[in-house]
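Residue numbering begins at 1 within each chain, and the chains themselves are lettered A, B, C, D, E and F in the order written.
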Amino acid sequence: MTTALRPPPSLLIEPIVRMALLEDLGRAGDITSDLILPLGQLSIARIAARKGGVVAGLPVATLAFHLVDSSLSVRPEALDGDRVCPGATLLALEGPSRGLLTAERVALNFLGHLSGVATATRALVDAVTGTKARIVCTRKTTPGLRILEKYAVRCGGGFNHRFGLDDAVLIKDNHIAAAGSLKTALERAFAGIGHMVRIEVEVDTLDQLEEALSLGVDTILLDNMSPETLHDAVRIADGRATLEASGNVTLATVRAIAESGVDYISSGAITHSAPNFDLGLDF
Amino acid sequence: MTTALRPPPSLLIEPIVRMALLEDLGRAGDITSDLILPLGQLSIARIAARKGGVVAGLPVATLAFHLVDSSLSVRPEALDGDRVCPGATLLALEGPSRGLLTAERVALNFLGHLSGVATATRALVDAVTGTKARIVCTRKTTPGLRILEKYAVRCGGGFNHRFGLDDAVLIKDNHIAAAGSLKTALERAFAGIGHMVRIEVEVDTLDQLEEALSLGVDTILLDNMSPETLHDAVRIADGRATLEASGNVTLATVRAIAESGVDYISSGAITHSAPNFDLGLDF
Amino acid sequence: MTTALRPPPSLLIEPIVRMALLEDLGRAGDITSDLILPLGQLSIARIAARKGGVVAGLPVATLAFHLVDSSLSVRPEALDGDRVCPGATLLALEGPSRGLLTAERVALNFLGHLSGVATATRALVDAVTGTKARIVCTRKTTPGLRILEKYAVRCGGGFNHRFGLDDAVLIKDNHIAAAGSLKTALERAFAGIGHMVRIEVEVDTLDQLEEALSLGVDTILLDNMSPETLHDAVRIADGRATLEASGNVTLATVRAIAESGVDYISSGAITHSAPNFDLGLDF
Amino acid sequence: MTTALRPPPSLLIEPIVRMALLEDLGRAGDITSDLILPLGQLSIARIAARKGGVVAGLPVATLAFHLVDSSLSVRPEALDGDRVCPGATLLALEGPSRGLLTAERVALNFLGHLSGVATATRALVDAVTGTKARIVCTRKTTPGLRILEKYAVRCGGGFNHRFGLDDAVLIKDNHIAAAGSLKTALERAFAGIGHMVRIEVEVDTLDQLEEALSLGVDTILLDNMSPETLHDAVRIADGRATLEASGNVTLATVRAIAESGVDYISSGAITHSAPNFDLGLDF
Amino acid sequence: MTTALRPPPSLLIEPIVRMALLEDLGRAGDITSDLILPLGQLSIARIAARKGGVVAGLPVATLAFHLVDSSLSVRPEALDGDRVCPGATLLALEGPSRGLLTAERVALNFLGHLSGVATATRALVDAVTGTKARIVCTRKTTPGLRILEKYAVRCGGGFNHRFGLDDAVLIKDNHIAAAGSLKTALERAFAGIGHMVRIEVEVDTLDQLEEALSLGVDTILLDNMSPETLHDAVRIADGRATLEASGNVTLATVRAIAESGVDYISSGAITHSAPNFDLGLDF
Amino acid sequence: MTTALRPPPSLLIEPIVRMALLEDLGRAGDITSDLILPLGQLSIARIAARKGGVVAGLPVATLAFHLVDSSLSVRPEALDGDRVCPGATLLALEGPSRGLLTAERVALNFLGHLSGVATATRALVDAVTGTKARIVCTRKTTPGLRILEKYAVRCGGGFNHRFGLDDAVLIKDNHIAAAGSLKTALERAFAGIGHMVRIEVEVDTLDQLEEALSLGVDTILLDNMSPETLHDAVRIADGRATLEASGNVTLATVRAIAESGVDYISSGAITHSAPNFDLGLDF
């Protein structure tokens, strides 16, 4: 595991897991288990992959079990970021049956969703192997799960773009139109922002790219350009700026985009449309 | 719009939308717009579908805009549950540019996700037209968004299964094993539960089905049975119980499952793997 | 203890106990003990019943002590649902005096209130012994304490009706009037609701009862009927529906109501008007 | 209305009412009304007393209706603290039927509970008319509702004791025992506390009373003394201290206690055991 | 350590520390340490005073470290309320480097701020040594930190005035003007308030003082009077009331004020303008 | 007002103001005003500066008044960022006296604290006039108030450094030591972080500066260097990196530091030790 794969701090994750458990427990908890399971019954179980892919969210799932019953033993048999085969055990579980059954669905919901994001990310990352392009996510995330999805992207070998509207400046066409010109927009940004905040400018055409470069912009988002145009953009920039391509990024197109020579390729689909990773809890 | 399509009460939705906005605003808010947009600039914009599908979440998106700036005018041009064509306007927006830009992403994230769920649900519902089968969702939902996804399922013409572990009893194989027999499990459930809670039993075989019927169970989940076996199950039950089929439900298989004569078909994919519905905000 | 007496999950109880402690601690905590008690002083104490009754809330009281001082030893000498005699010890306590004194009032407030509810419930349950009637609670609960009061009702041998407006349908006269007829109201309910939600209809007269039965309603609330009328209702229903009687249920009337043959008798008084159970903490 | 009857600030009440509504709405809200009521249907209704008593909680009930639907018109026809006759209208309501039905139970639960507390308080207050004794509540309140119950006590003509462990010092036998003597306990209290905090000492015997008086204590709680002993206590104190009687305070005993000449009589029952005040919402 | 120096209960402190940590962790946590520090690296460190002063907040800082990493060993080498010399070690720390670095700033921010308040308080307390005057704080505190600042004042040898608007009555000129006279204002207060709440009256002139005394007021705030006038006030009161002086209290003036013979001297500056106490964490 | 002076979004500010009000209202609210002020009494008042300085926090104070009583009219007569003279009116207030008195202290606490920060910042900014140096704040802020203090710094003409541990990388000596070398630390950072996050390296000596420059670092923090050394650093860097000076920054030293030619000068004192700005509310 590389250091970049450290999960977000527990102080940030716990409220999300707690909320998900409360959502499932409702007002009376797991009434089926309460009515039927004998007190003190113990079980051994495991969470296993039903398909191959990249795992993400094991500490989140573990926390779900522990918040329901701190006496449960939850032993990971894989690490976030691992590629696993169908049938691979991810978590070995042991302890009170009631706790296992009560936390099962929430744990699987997190693990399935985040591993889905990691797996979708990894597919793009693998597709651009050998190029210098890095895959990055966007702000097109599932409401409430952004920090976990951003982490899952890293587990899949991707990188993170902004976490929100506040941690970097991204100047789009509306901002430029409102300011009157890119030059004015940039002056306003430089006048108000300190040295620890990055400024990226979105351009739709090569003319806009040249204007941005001439104004000293060092991070540029090339929106919805064809691989050919991206190729030209890379040639024009000639190392003067970090270039990010976005728009129409799919498994089918990403290689061609990467081969244009851009530095980053951003995809909303890896977070907002990644299919659930298939998992099961077996007793 | 049928009455069943009423969205969850504002008291329930607002905390979710507020949390999503805070997630995006971070600690400094929309710094790009703050730096560049002139105070008081107004815009007209619209949210439009980029593809065809079923809309869900318009009141949620509206709330996102209003929580950011209560002076924004947000006029729906479609209703949740409507089928829309590519290009259709869903919301007409007017007011301060800053508010529009700041709330845009969160509003689209909700609308894209929920319309995705509704569209995926509608595809299954359409596929079983003419049969008596109803499509239902499961507890395989995105953590934190269950009540909204359940609503989106209704917008797509589907129905809701349990909202959580607490509002109905669902006896699975682990419960039966722990109790020693289905009979004992049912006795324990009947002994402890009142008349307002439904009890459903999950069975894997026709033998188990017959046992459940003989014990008077009136709601039965047929898990992972082939259409042929389901057909036999319907014949055996002969109206004595409501039958729900689950497992391996896809657009390709759902019609055959429905034609077996079951009453309900449940799908996790409509909530946990529905691709985002493509939308855009145009100024 | 039967399995039905399992308390709500800690995840649900803890926020309520924490809130009650914060309410009592205010902004400076237990200033009297802080000023006067020597650091590190230990005490042995017990919570004892001052009267006879049924106990409920021991895990809640235990949590109150542990949230104030996790080093306190709290040993239950009775179980929720037990009938106890005056003088019986319920909890044996040992540890820092400050923690004991600081948590005492909140622990007793919970235990006294919930045992009061359990004791009031048990009085009705005992009064209908030998009949088939079960005592159920209502939504007439103390704001903020519903899940605990519902649990206390179970400790007293009662059963739970709906936990809220969302987990079952209860069609009352206003709904019928708004829909135009019971038939229309039922059609709307069936059209929008899945198979896991029960539908109950409230009737005031035997004519309405017959209408409901003829429409296939299988759960009927008989509101404010005399024991004689209830007797007729049971005869008319003849096993076609589960019958619940409500209105004017007191210790004096409940036996006669039960002897009518109804299945359930609901009481708001067991939750909203149960006198506190008398308890004390003795050092 | 006297100025003392001002309800707690909205900032304090609103979270409590919101929590109570969420408790009742659960995850899907008022599904019965959503399924059956036509959109936009309006109703006129009123909340009326079913018995005579003292009203408390009208602003709380009003807030419940407004939080559910801000378009509801809620017009009070009585004031908190008013004595009302059976049948008296307390609130006149008008607006969307759905909002009325959805908020009804929570509004009534608050109003019934708080008016019950006010009515029980008023009964004690009336019983001591003509004496100088004031009725005060204790910390024996319902968890989560203390500020509302304290307000209801004021509506019933009573006064408030401490709101929690932090806003006054109350030295009990355990504190004295831990300190070694009342003298030491008082010295510690005086050494650590400022001039804005009152100090009360609880005594069980007249000897303890004399000791407290000799040490300059100006507020003394006489615990569990007979009316005769209280009479002696008043004579001994001779105006040197404010005297509060507690223990065995009922409607039957309170007059005799008051006639002893004590200044305050405290009762836990007015908050923890007050029966619900009977109310109904009529359409 | 005197008993008065017990910190507020953990139940009150923890939410404040947690909020401060979340404020610093943002959405991704300590990314620098996550990226660079090897997993499992351990460190030994200490928090040391850079200047002399009075320490306050050690349990708060300790909690910050433990909330970030419960495996950190945090050993206090001083007690809240201690005077320390430059270079003195306050906390000895040992454990995972990442936890130490992540919690460092928040721990120091609390410790520096609260020790600053304690040190500023102690300076005033020392300046009035030998007089009977006690130094008290006001409600002029930093939003969100009142209970901690009030505690820090006690650590500095000061006393606490009201914690808020609710725990004592303070009648100012606006109240008197609104009531028409001090007499009316007092009557209204006495009529509505119980025996556990203190009433203080603010006066600007000796005439007002005499009026207050003649009406039996026993706690009086002398606002903005010169030492000479305060001297006269003490003579006039002659022990009939506790006297508090406020206004223009600085290190230069406080001794003269105290020598007037007043009982309390209140200062807003010790909470709202205390400079940070200089501390560092050394590895 | 420049665009950079836009306050944080209401969604972020409101919870802070609400918390501060709850802290002051406690459990019973403004009991003095409730007891004494006649219902419906109206007042006119203004908040005025007692000294000269720079104002910050007017929208925060306004929100405090509106959260207490939405009917209050609050009219700003200055803008955040304005320099004001002693006696200048900042807010003109009109409406119910009770609301004015209840919100007064919280409004003044925010306004005094934030204007204090702005004023302290402005003093440094003015002192470096004519140089290119910008004044920036640090993470040495008051717990819970960081976003407001960062805003106040901007109102005073300063700029913001990181908002937390998550929005930029700052490599300090401990990180370098743990990684073995700056080179390794940088490699790890570059390997795991995307293009939207800035990386700054802290150096203590000119040798370290040269190493950082040689490794391509473009943002460097020069810690605790004398003006002379800073001058050398600027010469060495020769425009290859943005330079920030920190350590021993006071009004007396800041000009000399700025004249070294550094780009940024960071100060913790402007947030953690700014004296309160003196304000008053006059009726």
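Operating definition for what follows: contacts are C-beta pairs under 8 Å (C-beta built on N, C-alpha and C of every residue); 3 or more make two chains touch, one makes a residue touch a chain.
Being a predicted model, the structure only gives us computed values, none of them experimental.
J.: Can you list every chain in contact with both chain B and chain E?
T.: Joint contacts, listed by label: A, C, D, F.
J.: Please state, in steps, how far chain F lies from chain B along the shortest route of touching chains.
T.: Minimum number of steps from chain B to chain F: 1.
J.: Which chains, if any, touch chain A and chain B both?
T.: Expected: C, D, E, F.
J.: As a test of understanding: of all chains, whose mean C-alpha position lies farthest from that of chain C?
T.: F
J.: More C-beta pairs touching across which pair, A-D or D-E?
T.: D-E
J.: Same or different for chain B and chain D, when you check if over half of the residue numbers at their contact belong to both copies?
T.: Both copies touch with mostly different residues.
J.: Going by the average position of its CA atoms, which chain sits the greatest distance from chain A?
T.: Centre of mass proxy via C-alpha means gives D as farthest from chain A.
J.: On a C-alpha centroid basis, what's the spacing between chain A and chain E, in Å?
T.: 45
J.: Round to the nearest whole Å and give the separation of the Cα centres of chain C and chain D.
T.: Distance between chain centres: 23 Å.
J.: Based only on mean CA positions, could you tell me how far chain C sits from chain F in angstrom?
T.: Result: the chain centres lie 52 Å from each other.
J.: Going by the touch rule set out above, which residues of chain E reach two or more other chains?
T.: Only 3-4, 23, 25-30, 34-38, 102, 146-147, 160, 163-164, 166-167, 188, 191-193, 197 qualify.
J.: If every chain is a node and every touching pair an edge, decide which shape results: line, ring, star, complete or other.
T.: Topology of the interface graph: complete, with all chain pairs in contact.
J.: Going by the contact rule set out above, which residues of chain D touch chain A in the complex?
T.: Answer in residue numbers: 23, 26-27.
J.: Considering the complex alone, what residue numbers of chain C touch chain A?
T.: Interface residues on chain C, with respect to chain A: 1, 3-4, 6, 8-9, 11-12, 146-147, 150, 160, 163-164, 167.
J.: Which bits of chain C are touching chain B when the two form their complex?
T.: 2-4, 134, 136, 154, 159-163, 166-168, 188, 191-198, 200, 219, 242, 244, 263-264
J.: Can you check the complex and tell me which residues of chain B touch chain A?
T.: My answer: residues 16-17, 19-20, 23-38, 41, 43, 97, 101-102, 105-106, 108-110, 112-113, 116, 139-147, 163-167, 169-172, 174-175, 178-179, 185, 188-189, 191-193, 197, 268-269, 272-273, 275-276, 283.
J.: Help me check something: in the complex, which residues belonging to chain E touch chain A?
T.: Chain E residues touching chain A: 18, 21-22, 25-30, 34-39, 67-68, 102.
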